[in-house]
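Contents: one structure, followed by commentary.
Going in written order, the chains are labelled A, B, C, D and E, and every chain counts its residues from 1.
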Amino acid sequence: MRSAVIAFTAFLGGLILFLAAPTAWADGEALKGTLQNQGQPVSGVKISAVTDSNAPVGDATSDAKGEWSIAVPKPGTYKVTLDAKTLPSGVALKFKDRSSLTLQVYEGNVRNVLFPLVSAGAANQGGGQGADTNTDTVWDELAQLLFDGLALGLIIALGALGISLIFGTTGLTNFAHGELLTIGAFIAYVFNTAGLHLLIAAPLAVIVAAGFGYGQERFFWGPLRRRKTGLVSMMIISIGLAIFLRYLLLFIFKGENLPYEQYVAQDGIQLGPISTTPKGLVAMGVEIVVLILVGLALMFTRLGKATRAVSDNPALAASSGINVDRIIRIVWAAGTAVAGLAGVLLGTTQILNYQMGQQVLLLMFAGVTLGGLGTAFGALVGSLVVGIFVQVSTLWIPPELKTVGALVVLILVLLVRPQGILGRRERIG
Amino acid sequence: GGEESAAPATSAPASSSAPAAKGDGVLTIGALLPQTGDLAFLGPPEFAGVKLAVQEINAAGGVLGKPVVEIDTDSGDTKTDIASQSVDKLLQQKADTIIGAASSGVSKTVIDKITSAGVVHFSPANTSPEFTTYNDKGLYFRTAPSDVLQGRVLGDLIVQDGSDSVAILNRQDSYGNGLADEVEKSVTSGGGEVVSKTAYDPAAADFSADVAKIKSSNPKAIALIAFNETTKIIPELKKQGLGPDKVKIYFVDGNLADYSSDFPKGTLAGIKGTLPGAASSDDFKKKLLTVDPELRDYSYAPESYDATTLTALAAEAAKDDSGTAIASKLVEVSKGGEKCTDFKACLDLLKAGKDIDYDGVSGPVEFSDAGDPSEATIGIYQYGDDNKYKNITYLKGNVAG
Amino acid sequence: MHAETVSEKKAAALAAFATLETEPGVAKPDPILVVDKVVRRFGGLTAVNVDHMEVQRGSITALIGPNGAGKTTFFNQLTGFDTADEGDWTFNGRSLRGVPAHRVARHGMVRTFQLTKALSKLTVVENMRLGAQNQRGENFFRSLIPGFWRGQEDEITERAEELLERFKLDAKRDDFAGSLSGGQRKLLEMARALMVSPELVMLDEPMAGVNPALTQSLLGHVKALREEGMTVLFVEHDMDMVRDISDWVIVMAQGSVIAEGPPDTIMADHRVIDAYLGAHHDAPMSVEEAEEQLQEAEAEIEAEIEEKA
Amino acid sequence: MDWNLIFTRAIEAGIGTEAVIYALAAIGLNIHFGYTGLLNFGQAGFVAVGAYGLATMIATFGLPFWVGVLTGIAGAVVFALLLGIPTLRLRADYLAIVTIAAAEIVRLVVRSIALQGTFGGTDGLEAFSDGFYSMNPYGPGEYGIGPIGFDNRTMWVLTVGWVLVAVFCVLVYLAMNSPWGRVLKAIREDEDAVRSLGKNVFSYKMQALVFGGVVGAFAGFLFALSRAATQPDLFSTELTFYAYTVLILGGAARVLGPVIGAALFWLLLILVKTGMEEAVNHQVITFISVNQVGAINYMLVGLGLVLLLIFRPQGILGDKREIALDAR
Amino acid sequence: MSEPTKPDTPEPEDIPQPEDAATPEEREPEAAESAAAVTDRSDHVAGAQNAVLRADELFAGYVPGVNILNGADLYVKKGELIGIIGPNGAGKSTLLKSLFGLVNVRSGTITLNGEDITNLKSHALVARGVGYVPQTNNVFPSLTIEENLEMGAFQVPKKFKERFEFVCEIFPALKERRRQRAGSLSGGERQMVAMGRALMTEPSVLLLDEPSAGLSPKLQDLVFIQAQQINKAGVTVIMVEQNARRCLQICHRGYVLDQGRNAYMASGKDLINDPKVIQLYLGTLARA
């Protein structure tokens, strides 16, 4: 199947190459073009050119291939006009008001001129797509954006879950969490380029990431906590660590975008109005399953409750017989593992780069905050809202500002609910 | 300039009137190119270009009889303001010419600092049209042509291919916006229609919304004005059914690269693109590889190489290595005279008292009075099945038009 | 120890209460605080549902009730730290419903917190100074010119030191409040509230966790507050203290006021005993022997004290 | 290796424009974070508002220099108010994220295409600094002692900058050692307690946010003027992060903390950076290539920040006892 | 738990002296004229034979260089109920915290059944049968009451159901509210949860820091009766109380702690009747 597609695109590519190559640019200044209606050449159409002072330069009639060309004496501005009356019946100019064009011909260059044609009846006035960008396509676009928002939201949620878990148990706002995603993705990359299929490399990477998280807590954050380092200090340490890790990755893997060896540039599949890729669907499936599993574990297992207990009051948790250090290490391992998984999935659906984690960090934080700090389900809900807003807001605002949309929503929601969507207010007194 | 010299510190008194200072006899070239940041991937070829040129110059006996000194610094990206630090350092080390930066944005933050120190600011990669009119005290030069020409050629190419509805997807930065505007102008005046012009945030986590925007405008061709985000955007285009097998896609210099190790075979087949600069010969590439064996990409390596060589030639022509002296001769050595294509040959001509016209690896490099290449070659390329691009044709153009 | 001569103010307070009926919500001759139909619900739970309540000016009124009766929540409503679902209340005739907490305090109604809120990284004396009102130096622009506020600051410090001495915190004057023990924080909390010079001070379990010997000396101080014309409303579970200093007792249970009256009447009320006091009230609770001995010891000391007095 | 160069550069950076800019930005942060406990991670936003307020008025609307300055200050006040209303009721850690978001919104808006006419898009604005440099009392030439020297433009920026730093330090000292400052410090500890004592917590936090924001705007003025250009991406979160580093390095809640921090931060940063570049350029270090110097430099910055906080969390001037009370 | 046959607690001479503090002899408490006052450590050394839990010359504190405990001694025999009283800031809570491994002991030793547990982690002590109710911050605010209690039984999850019923019998209010988050509870309700949490494990040594604070008189009674009952059932109890009289009424032995060291140690009865103790620590207010 895949090879068939490749063969086909190769054929197409070759075809275009063949068509385009020979007639590119002739010597001497000229105007030329090809008249086509729905891929079919339109012949016998009269086209004339005049200089900017209305002196006639020449005219031409399109040949069997639809091609025409008019040589011009020197560089300058020319007005080219298509005689609409000579168009065959059933063919019309796409833009009625653009039957003549004024354009510049540069020294030594041939200037191409295009008169878009359509079957009569479909023509419309002036520019723009006109009435057929109807409500249907808006709904299609909305569906697509919602879906993509969900996909983005799920990845963010996976990352945010780790932030939320670690924040929840240790109070640390970990600015290095983006790098945990990146590292997870790159571990998989190393395995992958070493010859393991991504399906094997990915789980391995998640395991290694878990180990990395465990080690980080065991040898770095744990000792810091025991030295009674304050939370704000730790937060700033995490900024330092983020910078260090990010540039370490730049040092090792360079600044380029790197793909995994499998599932790159998969062909899209169409589900109703939504286009997606098989890998995108699988990624979403994995994300949903992991999120639900972790959520349930937090809610209902003793370990999950213990993490919340540690988060509330580590001293009291210890007094209750909970091995606080162990819980925190488990949380770090789990948080880093899900972050690593998020990284691998992000790498699969997008691409690997030393900045990839940093690029989603703010969105993850926004998700966590929106949902209510420290609540795992809040992180999930908040992230989905953020993801969907990032995408859907582009219906109204330019895509370059899509992050702004999500951030404004964050601020507005907190204006109404300062504790976040699922957060709880503290009792006073 | 020249860091090791004990010459009195006279080369860079700051003033807006061109100081008639005399250089210290050692041509010092500062490279201000990206080692970190968004454009870090452009750094290696550019550094390699500078290095190669310096090697060749010194092998030919240096400038004014002394070896050229090269100092490498990081230009970072606009987010970090690292360039400003680097420039301070280069000025301290009495650099006579600063080659960089890659990003037009970064160049803007340091151009005043450099030019008011009487040092030549010579970028191999700035394409923003704004530098043409910038008040640079006559000290800003570049070997990359302003986007006007490339945009014109790309637009014409799209029109030639018969696409009447074109979508432009560009980086939201001075490079992307500038080029997008030029392409739009060219397409509309040629009879086509730009149905959507979407600028995207290069740091965005994903580009599905941006592509969806394009898709909803239902274009026949897409001009993708991007840097290395291309590797993220192409799969997204394919996902949403806008792959090169469905619509015509065009690349520009920012993303015309070898993707053979990035995509499976056939992914890019049929995509066309434009790239300023004459054919960079395999020979040149080989030489670059001796400087940096890990090079994967050669973007702007020729421009960097030419910028360095031109600087050296101008210093020779002026018989002085100070920034202002170099600037005064740069236009002269780039055009109108006996043609030569490498430092050694040009040097010999200069020594023989001839007027020279250096034609570099990036093109004929004829400077306009504003310090822009007034004539440039734009290559038109097409991707094959192997995701590598091959030249279809070259087009010479006059930037001023 | 503390003198038990009935002071002028105490007498006045007692006189005001003498003729009152002992029923919930009874009207007082000169109420400083009048509460009407204040309701606060948390989900399905009605934490506070006070129909009518008045606090007599210049008296020491105790608010007692079982745990979870809604006393703290009630304080929160009155002082603007939480918004009541319904109801209205007036302080000095001015309605305070919906008035934010800091404004309530400025009107002269100051509360303390059951779970202490020491300002850890301020020294004890800075904590105290913070309580003073109308400080000229608390305006940003005036703060920049020390001349404006130095004099006032000295007065404030003097007052603070006086209070610290009374609360046995003078030794900790320059320590960070974060390093105080649980009981010391209670003391600081109360002393700081007094720095506001409120008309009505609302103390939420001021003596829980305070050493009994110190409690005793503090009671004298609370009584002195009344002599200075302050009104005190306090929540407390220590019945000895309630009996000793309060002129009037209000009992809350399950959010509502269920009884009101002078301490002795209230402590004999069987409903109050059932809901709140339990057997503890006067029956020996466990080891009778120990209790007896205790009684003896008490008597001895009492005698001693009476001799001295 | 040119040691002379390395040390000269380091010292110049320690007293140069970057140090001044970051000192001001960090003084603002110190008011927010150090004294009031507002975890403001949006200081870059204030700096941007200052820079753009100045630049837009002059470059886009052609108004005089002083109008630009006033606009920058007013802009910072307005931004503080807008930011404060939704955020000052939030818990500290929420505030951190929201302020990052707000600063990013500012950056993305000024770089947007829609407002390119006003703010210049990604290219930013230039040609607004003539008014400032026309007041330059220094004639053309180099000024300095020994090998350390600045040109006349930089000298002017530095003079104005360090005077501003001094002025703000005095203001901060006076304000923080007054009852006003005491209220702020109390708010840092427990807002409810402060409320119960009759202080309008929201108003004080807002005053602090405005005060620190205005100082940040001055950092923005100098940033823009020293480069004679503004660009949106200069005001990304990194700026805030480094300002925090500067603050912590010097010691939070200490008047001179930000100043010492800024000088030391840039001194060390450039010392290491220049040292490494020299080493690579002179083949003293051969195992890394030029392209990797930048990365290593940043790695060292990150590592330095981590080590600093581990081994001296209170900074140069801080008080260890206060830090001990923070521990969880 | 089996009694150790020969406790290998170090002899007083062997106890390392804190480097940064004067020897205990130089820091005699002034209140030495009273009969119950501690004049030397001989009482302690003699009494501490066969103690379940003993602490010798503890020095501990929070801020570097400042000791809160200045050589406090303490021992409990099996089945004993002892009370610790003292002024605010005396270091009572600190003493309990050091016993429970929450404050770093700078010098001195703590032994449990002959085993040295100085600076052992809290969860390890729980595993050895020690339970602790802190004075403040003694619930998990974001957990429900039920989950709070579940955490109490963290190491013995199987017993949860049974112990939960038991605790709910003592504090019926908890059962009604089992799904309410502890953070929203009133002060007294929290105290119940805290106490209930410690009772979940059936500890063999129970450390209570002001368990009656904030409770209504009725519940205060309950707490003291419970403490006694638990004690009767064989649990060794150490109780810090500001409700000093009540505490001394029920305890076998009482300590008076002042400025980080023992001021008095005697039977509860003796202490309660000592005029000096009454004047300094108990007050005369209570006449119950």
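Here is the rule we use: a residue touches a chain if its C-beta (ideal position, glycine included) is under 8 Å from a C-beta of that chain, and two chains touch if they have at least 3 such contacts.
Computed from a predicted structure; not experimentally measured.
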Computing the C-alpha centre of each chain, which chain sits at the greatest distance from chain C? B
Chain whose Cα centroid lies at the greatest distance from that of chain D: E
Averaging the CA atoms per chain, pick out the one whose centre lands closest to the mean of every protein CA shown. D
If you average the CA atoms of chain D and of chain E, how far apart do the two points sit, in angstrom? 51
Inter-chain centre distance, chain B versus chain E - centres from mean C-alpha coordinates, in Å: 76
Chain centre separation in whole Å, for chain C relative to chain A (CA means): 61
Would you mind pulling out the distance in Å between where the CA atoms of chain A average out and where those of chain D do? 32
Sequence positions of chain A contacting 2 or more other chains: 247, 250, 254, 398, 400-401, 403, 428-429
Mind pulling the residue numbers of chain B that touch at least two other chains? 34, 36, 40, 43-44, 172, 199, 201
Multi-chain touching residues of chain C, meaning two or more other chains, are 72-73, 81, 113-115, 179
Can you list the chain D residues touching chain C in their complex? 171, 174-175, 177-183, 185-186, 188-190, 192-201, 207, 211, 321-322, 325
Touching residues of chain B toward chain D in the complex: what are they? 3-4, 9, 13-15, 31, 34-37, 40, 43-44, 47, 70-74, 76-82, 84-85, 88-89, 92-93, 104-105, 108-113, 116-117, 128, 130, 135, 172-174, 177, 199, 201, 292
Can you list the residues on chain E that touch chain C in the complex? 62-63, 85-91, 93, 135-136, 173, 184-189, 191-192, 210, 213-222, 224-225, 228, 242-246, 249-250, 268-269, 272-273, 275, 278-288
Of chain A, residues touching chain B in the complex: 5-10, 12-14, 16-17, 20-21, 24-25, 33-34, 36, 94-95, 98, 101-104, 106-109, 111-116, 127, 129, 133, 137-138, 140-141, 144-145, 148, 151-152, 155-156, 247, 250, 254-259, 264-268, 270, 275-277, 280, 346, 349-351, 353, 355, 359-360, 363, 390-392, 394, 398-403
For the complex, give me every residue of chain A touching chain E. 302, 305-306, 308-309, 311-313, 315-325, 374, 424, 426-427
